[in-house]
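Two complexes follow with chain A in common, the first pairing it with chain B and the second with chain C.
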Partner chain A sequence: MKFAIALYSAAHAPSSRRALRFAEAALASGHEIVRLFFYQDGVHSASSNIVTPQDEQDIAQQWATFVSQHQLDGVVCIAAALRRGVLNEDEAARYQRPGVNLKAPWELSGLGQLHDAIQTADRLICFGGP
Partner chain B sequence: MSTLHVLSHSPFSDTRLGSCLRLLGSDDALLLSGDAVYAVLPQGSALTPLQEKTVFILEEDLLARNLDCPQWATCVDYPAFVELSIRYDKVNSWL
Partner chain C sequence: MSKSLLIISRQAPWSGPGAKEALDIVLAGGAFDLPIGLLFLDDGIFQLLANQNAAAIEQKNLSANLQALTMFGVDDLYACNHSLSERGITPAGLAVADVQSLSTEEVRALIDRYDQVITL
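So, the complex of A and B:
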């Protein structure tokens, strides 16, 4: 079964953690994740500048590790990311901003990637809110 | 076409659960996660006729709130959540 997973919440929201646990369980059950699409506040879940207190789970880091480990297609909405200050090297240079907080394995791209993933996948699962 | 409706907002903070129940089809089911699991409280189910519906609850979120799984619901873990998302034709998350 092919899954497309869309995440609408930041790493500190419990829904970001639920999305990660769902994605892990999907792969563990032998299913495929065609794409992860981070949209709206979900772009914060891909930021590499997040500092989590030591006694809490670093969900942003866990996401990055998960995507790298399984070589998944982790796409961050470029319009949502720019307006929230989540920039990769190219965008930071383009808009002359001092910080870069989006690195591999994440890729900035457009909403078309979500549409494409929905067409390819058997199921679209969205996570967001609290 | 069957739909699994996924809720994560507390039933005491907004009207999502009520709205969802109004359009829940006979083949549809509800999955309560996050603060939505508070719907198992007697005060919650008194407001809504959950007992007559097919209700699943994410066990982890129930345990985190020290709540028990009521008889009218089925507790699920993440592998079972994945299985449910396949069993139903669509998954509709009430973001």
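So, the complex of A and C:
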């Protein structure tokens, strides 16, 4: 089955960890993930500036490793990310901000990517949100 | 044929960017000519009230974005009757025209009718 996965919560939220474990299980069971789309506070789950205590899970790091390893399409909504200060090199330069906290494998793009993923996938699975 | 998508909007307009971000998904879908429905549920109902003074809390008014829905070809707008009555709002008191108010049974059937659902 082809899954699209949307995440609406930050890396410290239980739903971000659940989304990651779901995604891992989906691939392990032979399913396909057409795209990950991080929206609302989900953009924080892609931040490269998160530091967790040594005896805790670093979910943001695990997300990045997972996406890289499996060469997945990891999209972070650009409007949601800018609003929350999650910037890649291009955006930090464009808005003259001092910090870059979004790097490969993540890509900034628009909501069209969410709609495209929904159309391509058999199922959209959402994590987090109100 | 395109898959249909129902957005269930549950946030009050003053509770943060949630309501606007739910609406942005709807407008983007409308721009791509996709079959999109929008259901206002729980505190999402408050987005539909007339005479809101967003400036008083230094926010932008969401009403203009809501009025743009039909321009983007999004005509399937619904409000949950139960959510309305819980908040003492009558369908007549809504600022957005052509919002269909649905019973709990009808909300259930609506969600069932769409291929995909996003709740925000």
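One rule holds in what follows: the second predicted complex is superposed on the first by the 128 of 130 C-alpha atoms of A that agree within 3 Å, B and C clash if a C-alpha of one lies under 4 Å from a C-alpha of the other, contacts with A are read in each partner's own complex, and residues count from 1 in each chain.
Heads up, the rule we're going with is that a residue touches a chain if its C-beta (ideal position, glycine included) is under 8 Å from a C-beta of that chain, and two chains touch if they have at least 3 such contacts.
All figures in this text were calculated on a predicted structure; none of them were measured in a lab.
In the three-chain model built by superposing on chain A, chain B and chain C fit together without any clash. Contacts of A:M1 after superposition: chain B is touched, whereas chain C is not reached. In the superposed model, A:R21 makes contact with chain B only, not with chain C.
With both structures placed on the common chain, the touch criterion links A:H31 to chain B but leaves chain C unconnected.
Angle at chain A (Cα centre) between the Cα centres of chain B and chain C in the superposed arrangement: 60°, in steps of 10.
When both complexes are overlaid on chain A, the residue A:A79 reaches chain C alone and has no touch with chain B. Contact with chain C, but none with chain B, is seen for A:L111 once the two complexes are overlaid on the shared chain. Look at A:F127: by the touch rule set out above, it reaches chain B but stays clear of chain C.
In the superposed model, A:A93 makes contact with neither chain B nor chain C. Least inter-chain distance for chain B and chain C in the combined superposition, rounded to the nearest angstrom, is 5, based on C-alpha atoms.
In the superposition on chain A, the residues of chain A touched by chain B in one structure and by chain C in the other are 8, 123-124, 126, 129-130. Within the complex formed with chain A, the residues of chain B that make contact are 8-10, 33-35, 58, 60-61, 77-79, 81-83, 85-86, 90-91, 93-95. If you check the complex, the residues on chain C that touch chain A are 2-3, 5, 10-11, 17-18, 21, 24-25, 28-29, 32, 34, 116-120. Of all residues in chain A, only 6, 8, 39-40, 79-80, 83, 110-112, 114-115, 118-119, 123-124, 126, 129-130 touch chain C in the complex they form.
By the touch rule above, chain A contacts chain B in their complex via residues 1, 3, 8, 14-15, 18, 21-22, 24-26, 28-29, 31, 122-130.
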